[in-house]
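Each chain carries a letter (A, B, C, D and E) given by its place in the written order, and its residues are counted from 1.
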Amino acid sequence: MFSLSYFLQQSMNGIILGCIYALLALGMTVVYGILRLINFAHGALITLGAFFMYFVFFRLGLPFVAALFLVLGFGGVMGLVLDLVAYRKLRGGPEVALLITSLGFYTFIENFTKLIVSPQPYAFKTPEFLATLYRTPYLTFRTVDVFIILSSLLIMLAFHFFVKRTKLGIAMRATAENLEVANLMGIEVNRVISVAFVLGSAIAAFTGFLWGAKYGQISYDMGFLTGVKAFVAVVVGGVGSIPGAMLGGFVLGLAEILSIAFLPTRFAEYRDGIVFAILVLVLLIRPSGIMGIREEVRV
Amino acid sequence: MGQVISLLKVEKVTVKYGVIPAIQELELEVERGQIVALLGANGAGKTTTLKTIMGVLRPARGRIFYDGKDITFLPAPQRVRLGVALVPEGRGIFNRLTVRENLLLGAYHRKDQGGILQDLEEVYRLFPRLKERENQIAGTLSGGEQQMLAIGRGLMSRPRLMLLDEPSLGLAPLVVRELYTLIRRIRESGVTILLVEQSAPMAIGIADYVYVLETGVVKIAGTPREVESLEEVKKVYLGG
Amino acid sequence: MSECILKVENLWKNFGGLMAVSGYSLELPRGAIYGLIGPNGAGKTTVFNLISGVLKPSRGRIVFKGRDITHLRPDEITALGLTRTFQNLRLFPSLTVEENLKVAAHVHARCGFFSTLFCAPSFFREEKAIERKAREMLERFGLYEFRKEIAANLPYGLQRKLDIARALMTGPELVLLDEPSAGMNTKEADDLARLVAELQRDFHLTMIIVEHRMSFVMGLAEVIQVLDYGSVIAVGTPEEIRQNPKVIEAYLGTGDLVA
Amino acid sequence: MKRLALLGVAVLFFGLVWTACAAEPIKVGVVMGLTGPWASIDTPALNGVKLAAEEINKAGGVLGRPIELKVVDTKADEGETVAAVIRLIENEKVSALIGYCDTHWVNIAAPLAREYGVPFITPGATHPRIPERTGAWLACFGDNAQAAAIAEYAVKDLGLKRGAIWVDTAVDFSVAVCAYFADALKHYGGEVVYEDYFEITWTDFSSMVARLKEYQDQGRVDFVYVGAIPDNCGVIVKQIRDGGVTIPIFGEDGFDTPLLVQTGGAAAEGVVFATHMSLEDPSPIIQKFKSDYQAMFGNPPENAFAALGYDAMKLLARAIEIVGTDDPKKIPEGLAQIKDFQGVSGTISYEAGSQVPNKSVAVIEVKNGKFVTVKQIAPEYLPDPKIAK
Amino acid sequence: MKRRIPQELWFVIGGLVLFGALFVAEKTLNRYLLHILILMGIYSIATVSLNLTNGYTGLFSLGHAAFMAIGAYTSTLLTFPVPLREAYDLPRLPWFLGGPDAAWSFFPALLAGGVLASCAALLIGAPVLRLRGHYLSVASLGFMVIVVTFAKTLKGITRGPMGISAIPLYTNVYWTFLWLFITMYVVWRIVNSRFGRALMALREDETAAQVLGIYPMKYKLFAFVVGAFFAGVAGGLYAHLTKAIRPFEFSFTLTFQIVVMLIVGCMGTMSGPVVGAVLLLALRYALKPLEEHLKLYGLIELIYALLLIVVMLWKPEGLVGRKRVSVRGHQERKEEGEWARFSTPR
């Protein structure tokens, strides 16, 4: 019944969705790894990024590349602001306070967007050069699909390189593993954390653009469920592990799409259920996630 | 000037955990180019002393001078910049990072790429086994190798004063001996060392000056010759 | 010869590849105080963790009062009458001193959920009994005036005492004391040693004490085991131990290595 | 802490005083989801209500009394909805309620109103079983009518027989309209090839599109019928076309939103959907409505729901005039007597015992980004309301 | 800290005063205010019961809405009027629940909802409660989504995502506050007995609690199950107040709202959760006219969020809190540190 092209097409759909989750998960896992903070506000950044892109690119008509860099910068600044305004002050306080604050930020940003911009969704045109439709015997896709996959891969590679090779990246991993000793090494831990926020948020804002370009509509509440699922991806992949976050993102994206594609249609309603069932299963079988480092052993 | 200022001077420092003083009115001095040993049983306050010198703990009273400069309230990263390095107890290496990355982190505050690479080579020369395991995840090293890595990492910051917290903990005697040879060599390269140890004779054998702590107070202080009569030290350790 | 209350046979434990305890054995007569000493990282606390069930041994057998407890949970072991204290003081920091003690009376409380809910007479009776017992303990340890205090606010020495008192609230026959005098000054430690001796007599306790402060353990223990690298390197009376060259070497190292 | 509590009490008290001013006019409560997924149809509907009230007041009001609207945004939240209805009835003492263009919210709000004996008129909620379940009155046709109209158009006019149906399982009206559509399609000799399901919360429809494309490439389906709410229809249409699907897309009145063309863009071209009326109709009543609306709100009516809101308000006014009182208990008698009411959205009469007017359906096609009426259909076959959940 | 006898008396007096006040309120307030009052009561039940796990036991569960959903659906299905069942395509009750022509009365239906929620807690508690810290939170969140998914997909019973409306209005101030009273009484009883002491001991230090004879799993499960029972009851009350439920209602928003109320109030205290619930709801409904007046829809949530951030920055332990309640104790961190030391060789 299912042809090869169907399978390929659905896999690509899964991978594209996975890219979006993975990009978000990237920022979340770094922050969680260091601060143990489930940063709900991260989801709000894709909303902000998408709307920002809408305004600078479509309304102000800036050139695409300039707009893109502006969005990245904007996301970074937002991340920095969140960190400086609240998270930094709460470090060392109760963890729930941190969690609730991030939830508060999410709510704030969502409703701010709703009030200032619009309670209704905005149409987000795919930029002309990304809208071309290609039909091949096996796949039907648009340039934007390729763009999403390529840019995601690029970002992931760049991020991987950053974390593996650069001084700051190594410091980031060190801070995630042992904050106190990192401090002893002369690493300004606060700065490293800020950098983590900035990078993650910039990527999230960029993801907002990808989202808009792919689906064509952006709204003030688009970030929440996506953010939560991205965090699920973080946990599934293994907390604090960057390849894990990517893997988790792809696992979720593929699980969502393929479950709809190959189960009878009436199972479509299980879409979110499946995502979270995977989460619970992974947690029960391998609490530290697929690629996580076991840290649950106690003495 | 007349009198030479010692590299490190701890003046009447008291550190408390909550209300409990861990060290009391501690006086300590480390001259340039020396190895100073800080001995004592568990809970005597040795690690607390090191952490206070490093700036991880804040003294409730007293002052700390480094190179004549008051550093009592300087945060740890800035002390690293001044040339203080702590090799923490239990090594505190980053298990998930590679050996090389661990070492590079030691030189985190330094900007001179060339110098860093040179020092890296220097550390590898000092610890050839680290060179072999350069790209291995540090968590997979043996205990002795990890200790070497921790010390190597400390050296990478090009310290003038190195604080070693129980480097021999959990290591086989043979490895410990190797380690001590290295410590001596490090001193010869011009680094001043404050060494915290349980293993008294070894430390005394290597040190230029010895302090023995008991419950946060200096019980004995003197040159190795002066404290050579192990009996007194033994008393501190094994009880009267 | 009195009966053997605890028998540990050939206990092994490794973490990853590191052997923390290798082939530890012990026969502990009822009513005795044994000391367990050794340099840092020798595996003393691990032995306690194994006996009290917090960790499961890789190999070996633990028999308490004739019953194999190797695979029991810590709470089951406690219910049988074996409990312990902790080296790094694990009080319930935000509970009051009294509550800390009452928690420990849990093992012997029998009152069910519904009789608790409906204030059955048995509930009050039991609460009264617990209260009485806690009060007795508070007075004994000189903690009575601090009973409403949050445990974390207690002076350190008293926290140590509270830890021991709390262990005694479970009504044990065998208590494992993990560095009871750590962080105390000499006088406090001496007082504590006296108190421990008294308690042992009054409550008919058997004890194993892990200590670094030699004066403390040497004064109390009849027999001392010395652990190094996870295995027993010497057993004997305090005097024998003090003279044992192996022990001295373990503690002080051999000076000739470097010189 | 105490100060904070005091502050809370003060704010609460202040808020209550604010709401509790009373006046002479006939009060009408309006509950709408002005924020949330239904905003793009509820907002025009509210504007329609406002326009009608304004007109009535300018003409001297009803029974000589002006109409005062009490508008509450219920944010697509069940708790807010319930609280709003209770507040409007209890605090504001409204004579009647007008609200929502979606069945789910009517299903929540109207039973409450019924309990208080306050009539509830919905401008645009189309589930024909609403009266049975909630006692509310519809100003619009039932879903069975619009579904049948599209089925008739597809089979009879276009000759397309094999359809796929996309159902939003989380939305009452979508489930209903799709069930009616399946029934009507069979009635006209068509065939439902398969049904696919999604939920209001989705944004990614790629897997469903791929499935549709597979069916299309195998030549097994002729068209797809999508039961989507306004927020989703543009996204869906765009993704269907982006996925290389070329077969016709049919929709229901949820498609009657500017978002369809805004989001859908070129993909929206040729989409055919059923709605309550055609705004291009040259009839004077509609043209006047359009210019009045433009004058009041600065833009032409966004969609048919504006007209429905207008009609709902006018219906209510007419009913009050008929019974001669604004007593909520009496108003339904007036509504029941309405016959041949000339509304902007068509002629409305409530047949005996029915609270769903019998109206014709406008079939609209998107051409060059404009909604163009292709046909006005009074369906000859009406699926039984009972077949829908 | 707490003395028993006066507190019991206080409870009785408090109850009497409460019901006296309720009587007056019921007679004088209009239904809108009563509605808000009842909502405050219901949310208080939810927060007080959540406090049992999140506050006293230190298990930071995010699955509370799921238990409310179970309670809401159970009691709704049991009490739904027989004549309306057909209009809503709801099944009639099977013989063992009273047969096709039966509809339960309110109280037993609420109880049944609570019991079923407890059963669910028992079922999922065993695996989920083995997890720690954030893992537990996330897993319980996953459980919540799964329950919502079932509520959506078991269409024959729940009418699926469309939800059920026209539920009979049974909830009134008396029922609500009776249940709130019962909830608080039970929690208070638990807290001041060996059960509560065991729970708090687990929160403070699980290992220490265990060597003092407390089996962690048993008591964690106990807290979870009791909490779930009252959440189920709260769900039932809620369903019979709003007269309409659907699966999405019992999802992220509700779960987080309850958690926020609890934390803003203060975890691990008797009054904290009630203060949190009452204050935040009062704020919400007090701001409503302002929002409508300014036509700035979303303003309430905006102010709400701002306040939340401010409260967390200013008093992270909650409004009525004095001491810090550690959810993830520093002890645990210490252990991880210790483990890191051992985990080296391979």
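One rule holds in what follows: a residue touches a chain if its C-beta (ideal position, glycine included) is under 8 Å from a C-beta of that chain, and two chains touch if they have at least 3 such contacts.
Fair warning: this is a prediction, and the values are worked out from it, not measured in the lab.
Common neighbours of subunit D and subunit E, by the contact definition above: A. Think of each touching pair as a link: the shortest run of links from subunit B to subunit D has 2 of them. The pair with more inter-chain C-beta contacts, choosing from B-C and A-E, is A-E.
Spacing of subunit A relative to subunit D, judged by their CA centroids, is 36 angstrom. Rounded to whole angstrom, the centroid-to-centroid distance between subunit C and subunit E, based on C-alpha atoms, equals 40 Å. Subunit B and subunit E have CA centres that are 53 Å apart. Here the CA centre of subunit C is 74 Å from the CA centre of subunit D.
Residues of subunit D in contact with at least two other chains: 34-35, 169, 199, 201. Residue positions 95, 143 of subunit B each touch two or more of the other chains.
Each of the following residues of subunit E touches two or more other chains: 152, 160-161, 207, 297-298, 324-326, 340, 342-346. Residues of subunit B touching subunit A in their complex: 54, 56, 76-77, 80-81, 86, 88, 92-97, 101, 104-106, 108-109, 153, 157. The part of subunit B that touches subunit C in the complex is made up of residues 17-20, 22, 41-43, 143, 166, 168-170, 173, 176-177, 180-181, 184, 198-202, 204-206, 215, 230, 233-234, 237-240.
Of all residues in subunit D, only 34-36, 39-40, 43, 169, 194-199, 201-204, 206-208, 210-211, 213-214, 217, 231, 234-235, 238-239, 242-244, 259, 262-265 touch subunit A in the complex they form. Residue ranges of subunit C in contact with subunit B, taken from their complex: 18, 39-41, 152, 155-156, 179, 182-186, 212-216, 218, 242, 247-248, 251-259. Residues of subunit E touching subunit C in their complex: 1, 4, 186, 189-190, 193-195, 197-198, 200-201, 204-205, 207-216, 222, 323-326, 331, 334, 342-346.
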